[in-house]
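In this document, chain identifiers A, B, C and D correspond to the written order of the chains, with residue numbering beginning at 1 in each.
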Amino acid sequence: MTTAEFDALFEKVCNWGHWGPKDELGTLNYITPKRICEAAALVRKGKSVSLAIPINTVAGPDNPRPAFHYMAQAYDTPNPAGQPQFAMDYLACEFHGDCHTHIDALCHIAYKGKLYNGRPASIVSATGPSAMDITAYANGIVTRGVLLDIPRLRGVKWLEPGEADTDEELEAAETAEGVRLRDGDALVFRTGHHRRRLERGPWNNGYDGEGKAGLHSSAMAMLHERKVAAFLPDGDGETVPSNVDGVAYPIHALQICAMGMAACDSLQFEDLVAVCEEEKRWEFMVVAAPLRMPGGTGSLFNPIAIF
Amino acid sequence: MTTAEFDALFEKVCNWGHWGPKDELGTLNYITPKRICEAAALVRKGKSVSLAIPINTVAGPDNPRPAFHYMAQAYDTPNPAGQPQFAMDYLACEFHGDCHTHIDALCHIAYKGKLYNGRPASIVSATGPSAMDITAYANGIVTRGVLLDIPRLRGVKWLEPGEADTDEELEAAETAEGVRLRDGDALVFRTGHHRRRLERGPWNNGYDGEGKAGLHSSAMAMLHERKVAAFLPDGDGETVPSNVDGVAYPIHALQICAMGMAACDSLQFEDLVAVCEEEKRWEFMVVAAPLRMPGGTGSLFNPIAIF
Amino acid sequence: MTTAEFDALFEKVCNWGHWGPKDELGTLNYITPKRICEAAALVRKGKSVSLAIPINTVAGPDNPRPAFHYMAQAYDTPNPAGQPQFAMDYLACEFHGDCHTHIDALCHIAYKGKLYNGRPASIVSATGPSAMDITAYANGIVTRGVLLDIPRLRGVKWLEPGEADTDEELEAAETAEGVRLRDGDALVFRTGHHRRRLERGPWNNGYDGEGKAGLHSSAMAMLHERKVAAFLPDGDGETVPSNVDGVAYPIHALQICAMGMAACDSLQFEDLVAVCEEEKRWEFMVVAAPLRMPGGTGSLFNPIAIF
Amino acid sequence: MTTAEFDALFEKVCNWGHWGPKDELGTLNYITPKRICEAAALVRKGKSVSLAIPINTVAGPDNPRPAFHYMAQAYDTPNPAGQPQFAMDYLACEFHGDCHTHIDALCHIAYKGKLYNGRPASIVSATGPSAMDITAYANGIVTRGVLLDIPRLRGVKWLEPGEADTDEELEAAETAEGVRLRDGDALVFRTGHHRRRLERGPWNNGYDGEGKAGLHSSAMAMLHERKVAAFLPDGDGETVPSNVDGVAYPIHALQICAMGMAACDSLQFEDLVAVCEEEKRWEFMVVAAPLRMPGGTGSLFNPIAIF
C-alpha cells in the first residue's frame, strides 16, 4: 500500500467528529446497553478465562523494558506476640511493549500531529495528557467478544512473522466459526503470536528484526464497516515489516488515531482457544478494565472472557 | 473481644484443608458455574461502573507510599515525515495501602507464623512467595455482587472512624434492600469511607491516628456461614481502633488467613450507589481481575459492577 | 524586596554569555587548576566526612516523594554447593526535594522562560533536556569548601523558619572564623536546618507551611562579587516565606538561572561542624560528584569534605 | 584452580576478625590519615576526571536491567507571571550489573553461608541487611589510586574475553609505570573492557556468553600482601569463564567475602588514561563516595580521580 493509499484509507475510516468534538470513548460508543445485555446472555457455561500474559521481568529481544517487581516486605522475623504479619510487594513498569498485556488510551498515538478526533498532539505534555487518557475507559469494556482464530482457519500452529491477515481471511474465519462481527463487538484476533513464543522462545519482532504477523492495513476498512468497538490481538495487531510504504505502525494509526477504537495489545488466547474448541463457539462475554490511572496513555490490565 | 475469643473465632471460621492441601482459591471455590451464570443474568440494564479509586500520586496522611507516574515519551517534536508518534508512560507503585484500590493475595497475611491453609509463612521470601500469589486469581472474580450500604441503612452520610458494623446490621441492611447474601456472593460493603474522604479530605486513619469505620470482627462468622466468596469494602474492612484486644488487623487475619476469602481493599462506591438507587436493586454482576503478576502479594485492579 | 528590585538584582548578578554561548559549567569555571591544588593542600589531617543526609524512604511533611528502596535478592536459600550468593537491591527516587541530598543541573530552573545563559526553556522536553543536564558536572566539583556556620555566629542551635541571613552576617561569620570567601570556593552554608529536624522532627517547610531559614536574596550579590563557584546549604538555601514580593524560590532563580552557580540542596553538616570545631578551621577540600546521568536535571550525591 | 585450591586461597587472604568482630570497613582500615594526606599531595595539576560510565537505560546483552529515567516535570506551559519554573526527573535502578558504575557493600556476597567477618548470610533479609550495608562507606574512599593499565603493558587495545591477568603481569605493569602498590591504595585495574565495548558494541559477557577479561584469582594473594584497600576495575574484575573449577565469581568471593575489600564495579578509564599518558604518571588522588543509602547492598556512584 502506498502512503497515498494509506492516507485515503485513513480518511475513509476516520471517525473524527462522529460522536462530537469532546468525545473520548470513540468506538466504545458502539457498545449500547442492549449489546452489554446480549453479551451477558452468552454466559451459559459459567467459566472465565484470562486473556493476559504474565507480567514479564526478564529482558529479552522482545522485552527491552522488563518490569521491576520486588518484595517490599516478607516474613523475616516470626512474631511471637501473635500479631498478624504482612507480605507486600512493588511493581514498576513501562507497560507499552510486546511483553506486557495492556490497553492503549486514545492519546497514545499521533499521526501528522493529530490525535483522535483531530485534537492536537500538544495536549500531551511532559506531565501527561490533558484529555483522552486511559481514565476515559474507567468503566471498562463490557461487550461480546468474537475470536477469529486464523491459525485454526489455515490449519497451522501460527502465522509466521511478516504474514498479514486480510479482510477476506477474517470473513473466511467468520464463516468457519459460524459467527459474524457486528457493531459493538470486541474482535479477539489470533495469529498464534504467543503460541509461537511459547514454543520457539522470544524473538526480535521489531522493524529491525524478524517482524511479526498481524492484520493487513486494508482490513481496517472491514472493522470500520462492521463498527467493531475494540481490538484484542495477540501480538499488537501490526504486521512487521509494514505493508504500507513509509508508514510504521499503520494499524495503530488507523485504529486509534483515525477510528478511536479501543486498542489492546499483547494478549494471549491459549486458554481461550481450549474453551472455544470445547464449546464449539467463538463468541463470549468480554470484560476488560484498565487501571483507573489519571494521565495514563494506557494501562496494564487483565481482560477476562466469560462463557 | 479478647484475644482468646478472637482465636476461638479464628478456629470457627477456619477453612484450612476444606478444599484440599494444595488449594489456592479459598472461598472463590464457592463460585460455581451456576453462580457465574446467575450473576450474568443480573445484567438487564446494560451499564457498567468502576469500583476503583483513581491511582493517587500525592502523599498524604493516608497515602504514605504515593504512586509514581511519569511520562516516558510525549510529542516533543512534530514529525514532518508523517510517521506515527507515540506517547508512553510509566507507573511504579507499592500498592497495599488505603489509597490504591487493590486485591490481596492469600499469601499477604500470616497469623502466628501460618498462612491460609496452614502453610508456613516461610514460603514467602525476599524474592517472593512460592505459592498462593495473586496469579491464583488470574481468571478473575466473576459472581453476584451485593451492596450492603450501611450509611443508607443508618440514614447518615458515612460511618465515623471507629464505628463497627455488626452482623445484625448487615442483616438489617439485607432486609432494607430486599436481598440476602448466599454462597459465592461478593459482599460489597459500604461504610462511606470514600465519601467522607471526598468531603472532608484525607485523614490519618491508622492505629496511630483517627482510625476508620469497618466491620466488627464478630461479623466474620456470618460471612463464613453465608459462604461469601469475596469481600469488597470501601476502606479496608477493618475497624480502627481494633475491637480485638491485642490484635491489629483482625478482619484481614480472619478473612484471608483463616477463611481464604478474596480480600479487596480501598474501593469506592459513589457511582455504584447512584445506579443502585436508580435501579432500586442492590445486586449486580461483578467482574474483578487482578493483574497477572507472578509473585504478587496482591494487585492493583479495577473491579467492575454490571447492571 | 520588590519584584522590580529582584529583577534588577537578577541583571546585576547575571553571568549569561560570560563564558561563551555554549557554556554549561557556569561558576565552576572559577575553579582553576590552581584552586584545585590549593584545595588539596588543605588536606593535613587525613579525615573525610560525608555532607549527605541518609536517603529517606518515609513520607512526611517535608518528604512528599519518599524514595523506594527494595531488596531484589537476599540469601533465601542456603547454597550447599558452595557457590557464592548475592544480595541485591533497587532504588527509585524523584530526588528534588528537601529530604534527598542532591545537586541541581543548570537546566533545573527557568525564569521568565529562560534558562542559564539565556537558553530557552523549550530545550527541556518530556524526554529530557538537550543541554545543560547534570552530566556537565561529570568530573565533579573539586575545590576549597568554606563553612559559614551562622548558628555558631549567633550563639543559637539553629535559625528559625523564616529567618534570612544577610551578606553582613556572612561577612561577620567570615571574621569570626578567620576565613574569607574567594573565587572558586564552595560556600558551605549552615542555618542548622538539619539540626532542627533531628531535634524537633520534620515539619512542613514549604510556602504553605512553617517555612524555613535561608539566605537573604540580597546576599547573592556578595556571592557574585566573591565569585563563589558552588553553594552547599543545609535546607535548600531559600528563606520561606520568600523575601521577594511575588517571586518564590528567588535564591534558586538567582544562583542557577542568572549566575549559573552549582546549586546543592539538602545537605547536613553535623559531622562537619564537629571536625571544624576540633580543628578550629572552617576551610577544607570538597569533592562532590553527581551520578553521571544523561538527561538528569540533577542528581543524588554524597559530597565529601576532606581535612 | 581447583575448588580445594580456591578454598585454601580463601583462607590465606581471609581478614575475618582482623579488625574486630564488629568491623564494617574491611580493607578501608588500611587507609590511614597519613595515606589520605599523601593522596592529596598527588594533586599537582589541578584536574579531575570521572571514572563512571553514563547511566544506561537501554537493554542489551550486558544490560538486562536497564535503568528507568523519566522527566517528572518539564516546562510545558510558559509562565507569564514571572515565577520560576522547575524541571525535575526520576531515576529507578537495580544497579548491580555490568552497565551501571557502582560499588558493592560488604553484605553483597555470601560464600558457604557466610559474609565478610564470618557473619551469617541470614543478617540480610527481605527488608535488607542489618549490618555491613553501604552506609559503612558513607565518608567515602579517599586515597591514592594506582592505575595498572594492562593493555598498555601488552601493547594491545584491550584484553579479549576470557583472558586473565596474573600477579606477575600486575608487577610488570608496576615496573613499566614506575609505581608500586602499597597499603591503603586503590587499585585501578584496566583490561580495556569499556574500550572494547565502545568500539565493538555490547556483548553477552556472562557465564552463558562470550565472557570477559579480568583478574586471575591467584592475583588476589598479591593484593592481600600489598594491603590494597579498594579495587576499581573496568568490567567487574572477574575473568569469565571462571578460572576456578566449580566456583563462579571467585574474585568477588575473595575480595568482598574473604578480604573485606571495597569492590567497585564497571568503571571506565578512557579519560583517565589520557591524563595518565599526558602526565606520565599512573598515581593520583581518588575520591569515591557511594550514596548514603541505608540498607544498600551497594550504590551507584561516580568515582573521581584528581591529578
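Going forward, a contact is a pair of C-beta atoms (placed from the backbone, for glycine too) under 8 Å apart; a residue touches a chain by one contact, two chains touch by 3 or more.
Keep in mind it's a predicted model, so treat the numbers as computed, not measured.
Interface comparison, B-C versus C-D: the higher count of C-beta contacts falls to C-D. As for how the two copies chain A and chain D face one another, over half of their interface residue numbers coincide.
Inter-chain spacing, taken between the CA centroids of chain C and chain D, is 27 Å. If each chain is reduced to the centroid of its CA atoms, chain B and chain C end up 45 Å from each other. Counting partner chains per residue, chain D shows two or more touched chains at residues 68, 71-72, 74, 90, 92, 94, 125-127. The part of chain D that touches chain A in the complex is made up of residues 58-59, 63-66, 68, 71-74, 76-77, 92, 94, 125-127.
Put simply, chain B touches chain D in their complex at residues 68, 70-72, 90, 92, 125-126.
Those residues of chain C that touch chain D in the complex are listed here as 3, 32-37, 39-50, 52-55, 68-69, 71-72, 74-75, 78-79, 81-96, 101, 107-113, 121-122, 124-129, 135, 138-140, 142, 246-250, 252-253, 257, 285, 287, 289-298, 300-304, 306.
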